[in-house]
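So, here come the structures, one by one.
In the two assemblies presented below, subunit A is common to both, partnered first by subunit B and then by subunit C.
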Partner chain A sequence: MLKIRQLQKKKLEEAAASAAATADITGNSSTISSNNKITPAQLRLQKDITELDIPKSIKLTFPNSSDLFNFNLSITPQQGYYKLGTFQFTVEINGNFPMDPPRIKCSNKIYHPNIDLSGNVCLNILREDWSPVLNLNSVLIGLNFLFLEPNPNDPLNKDAANVLVKNKTLFAKNVRDSMRGGYVDQEYYDRIV
Partner chain B sequence: MTSTGKGVTVCAKVCPAYNTHVYGFDSSLSIPSIFTSSLYTYKLVMTSVFPLLKIGPFNEYPDEYSSVDAADALRNSKVLVIGAGGLGCEILKNLALTGFKSIEVIDMDTIDISNLNRQFLFRESDVGRPKAEVAAEFIRQRIRDPSLSIVPFFGKIQDKPLEYYKQFTVVICGLDSVEARRWINATLVGLVDEELNNLIPLVDGGTEGFRGQARVILPTLTSCYECSLDMLSTKQTYPVCTIANTPRLPEHCIEWANALEWPVHFSGLKFDADNPEHLDWMYEASLKRAKLFNIKGVTRSLTLGVVKNIIPAIAATNAIVAASCCNEVFKIVTNSNPILNNYMMYSGDDSIFTYTFSHTKKKDCSVCGNTAKTTIAQKWWTLQDFISQLSKNQEIQMKRPSLTTSTQQLYLRAPEALEEATRGNLIKKLSDLIEPMEEILVTDPSLPISLKVRVHFEGPEEKPDTISALMSDV
Partner chain C sequence: MKVNIVDWHGVATWHWKLASNDGKAGYVDELCGICRVPFDGTCPNCKFPGDDCPLVLGRGCIHNFHVHCILKWLEQEASKGLCPMCRQVFVHDPEDNPHSEEFEYLQQLEDGHRLLREKGETTYEE
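Let's look at the complex of A and B:
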């Protein structure tokens, strides 16, 4: 432990030299009464959540306000095919965040090329392109973008993607019909306007 | 059997290198009699204490080094081993044969038949029993040394109180879980106080197939596990759209069954890879999918591999990484030679390659970027009072601080929904909201890192009347 003692000494000397310690801070932390520890995931998530910089069209709600790891998300696009619909999502973040990406599912059954009928979302940064340097903000922006620019090249709902490629007017009509709560190609969609 | 046997034979071959003729061994340095009391301890002397008698060629503290102190340190140190799996078995065997006398081992798993090829402390009759317990028993029986204590704990590291971790000289980790590693790392960093007391070195080993690494973390002094998080390879994943529409690989079919079909058929039921019925279903569904797209190669074991994200474990990689880790623990405890600074990468993919480098501390690391500070608060302060004081006292001005503890949100500035939910706390007394010395996490958009604060309460319970309050302010 000699090496460690030497490094300790060096660091303490540096700290003393910078004389940063404020008067009201004591060194008495020997009695840690609580065994509850802030987890590394919480450390990161609190920063991510309280510093979100997202468009007004995205709203977060917390069914349990003491739980930052599970919340709901609603997106109300202000333009594009999905204008004025309100789409609900559930967001689930696990204890291994940000190693593991957030899990996001759409709670409505909607007509969208990149979202399937079970609510799975095809967004690269939620899976294969996720990395711990990305944050919650990037995910929400990406999700919002899916409603402004649905991407027919990476489809999850192939029928919707085909229509979008072949006939944009029909696609717009299908989106409108589905958002009102109705059938498109024998499939019933949830009302979200 | 061969493994423990091997440990001794190899060392017996090494030891002659320390004899008089080769290194000019000083014959006045005799082996203390305490180490020669039995044949067993004689073996230990040969393996670990004997080399301590001669100062290592790279020893950094030749004036302070003492072979007697080094041998004492080895016998008196307390080592915690986390994980009793592939790496853990190797580590426990190595430490016991090196001459460590007090070892504790934690593992939450039970023995599976598939472990037996490399986790050599376990036998077929042990299947289903806790790894930590069986490993401790095996070592005890194999090394009949009454002075060796191995204490097993079958459970999670999170189950132990913080105080528990303070008793160890070194913690050595052979885990396959990133989450558990992050936890122990944050815990050991958190134990270090402002005078740098309770600094417990963490030696971390990891293997993945033919690759592995060993590293030494001196909490708060050198880069920590969290500092290097973005160096980790993330799980192998496939684009959802490929899985859903254009599968080409057997893995795509398994992921389709796992990520898309399971939730449809069993809404709300969590898939459990250890449940044979669940796995059967997953395998059948993947196979059906593979047939539809004419893809070959979906097997039961591949299914298990994909859903559990298993990378085949190689016994040799475990042995090499564990040896390196135990060597570091030995050097940390005995001061015999310089310790690893601080990261060794090993790859056996294509012949053998190792690379050692000093991973630098991340300035804005959320774990070691700064350690918990203790601050004083008046018992009568409201949360609002506390926040104002905190913002004033910090060198860096905080504009919109958010405060939480491990169990509750005290006050969050954003988003709106959480601000509304926590606003009511502002007028509550801080001493009613938290326990004394409970850790508070403070984040602020103007701070690149988060602060951890512990509060020590003093003063009267009720706010003193205005005049005396004014007086005390002066």
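Let's look at the complex of A and C:
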């Protein structure tokens, strides 16, 4: 049963050795190598970015135009509880993409059943249901959907999830109050309207 | 009129036989779901299409991949040994696939995941 781990370990060691060798030659080990060699992750990510077909409510910004692996994302829902708030996220994609899912974190402290107070997002396709045939588009659509239909099952913010299940009017009020920047149940939330 | 052939060039094309168009004539332009490169091209780690970068034909399902692409996925424990397209357990048919290092390694990974499943070390949904 340890076969996989052993094989993987061997592979990782080889990868580390070759990465170290490259780092020695180029003097750095950044994801975009200086000798113009495009990595598989880069190749796939470029395709994903060119094929993006996302609603207007989602905007991507690349703080460093030569780095496709790290960018920012903002979502401005046009309907639902979170209508017209603007939520900022950071997206971090590693060199093992698409074997590893993108890592997405909310930069605002928000009141949402599926996002905890540190900005961690609970979205199945970013975790246990990730598959390399999913692309950036499906991830962004999934994230957008969390704001249209917050999901009280499998919550990260249990208090918010409980309120959503028990009292939808109170949930809507809490969301509005939190989006204006203020306290909900002794917790301070960022202003995002 | 008499024609003398002084020179001629033979031209041939090839395509992979895919599980999904097996038995059907003609060519279906399909992409490897993992790297999104056409099957007749190579995976991102290879230079030459063809025998250097073979396809694997799934047996449990009808999904094809560059063997190098599915290997990378099955190396991940998170893959749970499942097909990335349909999430059924991924198995290839040794009868239908060439004997080579890659396919031996694929078999090892499939077996590894099967053992993990049997030991119930990870939770698998069926």
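Observations, loosely collected:
Operating definition for what follows: the second predicted complex is superposed on the first by the 157 of 193 C-alpha atoms of A that agree within 3 Å, B and C clash if a C-alpha of one lies under 4 Å from a C-alpha of the other, contacts with A are read in each partner's own complex, and residues count from 1 in each chain.
We adopt the following convention: contacts are C-beta pairs under 8 Å (C-beta built on N, C-alpha and C of every residue); 3 or more make two chains touch, one makes a residue touch a chain.
Everything numeric here is computed off the predicted structure, so don't read it as measured data.
Of the two partner chains placed around the shared chain by superposition, subunit B is the only one that A:Asn120 touches, whereas subunit C remains out of contact. After overlaying the two complexes on the shared chain, residue contacts for A:Asp154 are found with subunit B alone; subunit C is out of touch. Contacts of A:Val133 after superposition on the shared chain: both subunit B and subunit C are touched. Of the two partner chains placed by superposition, subunit B and subunit C are both touched by A:Met99.
When both complexes are overlaid on chain A, the residue A:Gly80 reaches neither subunit B nor subunit C. Touch criterion met: A:Leu43 reaches subunit B and subunit C at once. By the touch criterion defined above, A:Ser66 lies against subunit B but remains apart from subunit C after alignment on the C-alpha atoms of chain A. Annotation for subunit A, partner touching more residues between subunit B and subunit C: B. Once the two complexes are overlaid on chain A, the subunit A residues touched by subunit B in the first and by subunit C in the second are 1, 3-4, 7-8, 11, 39-40, 43-44, 47, 98-100, 128, 130-133.
Those residues of subunit A whose C-beta lies close enough to touch subunit C in the complex are 1, 3-5, 7-8, 11, 39-40, 43-44, 47, 98-100, 128, 130-133, 135. Contact residues on subunit C toward subunit A in their complex (touch as defined above): 33-36, 43-45, 69, 72-73, 75-78, 84-85, 87, 105, 108-109, 111-113, 115-116, 119, 121. Taken in their complex, subunit A has these residues touching subunit B: 1-4, 7-8, 11-12, 20-22, 24-44, 46-47, 49-52, 59-62, 65-66, 68, 95-96, 98-100, 114, 116, 118, 120-122, 124, 127-128, 130-133, 154-156, 158. Against subunit A, the residues of subunit B that register as touching in their complex are 60-61, 64-65, 73, 161-163, 169, 178-179, 182-183, 185-187, 190, 193-196, 199, 201, 218, 220-222, 226, 229-230, 232, 234-235, 237-241, 244-245, 259-260, 263-264, 332-333, 335, 338-339, 366-367, 372-376, 393, 395, 400, 402, 404-409, 412-418, 421-422, 435-439, 441, 443, 445, 450, 452, 454, 456.
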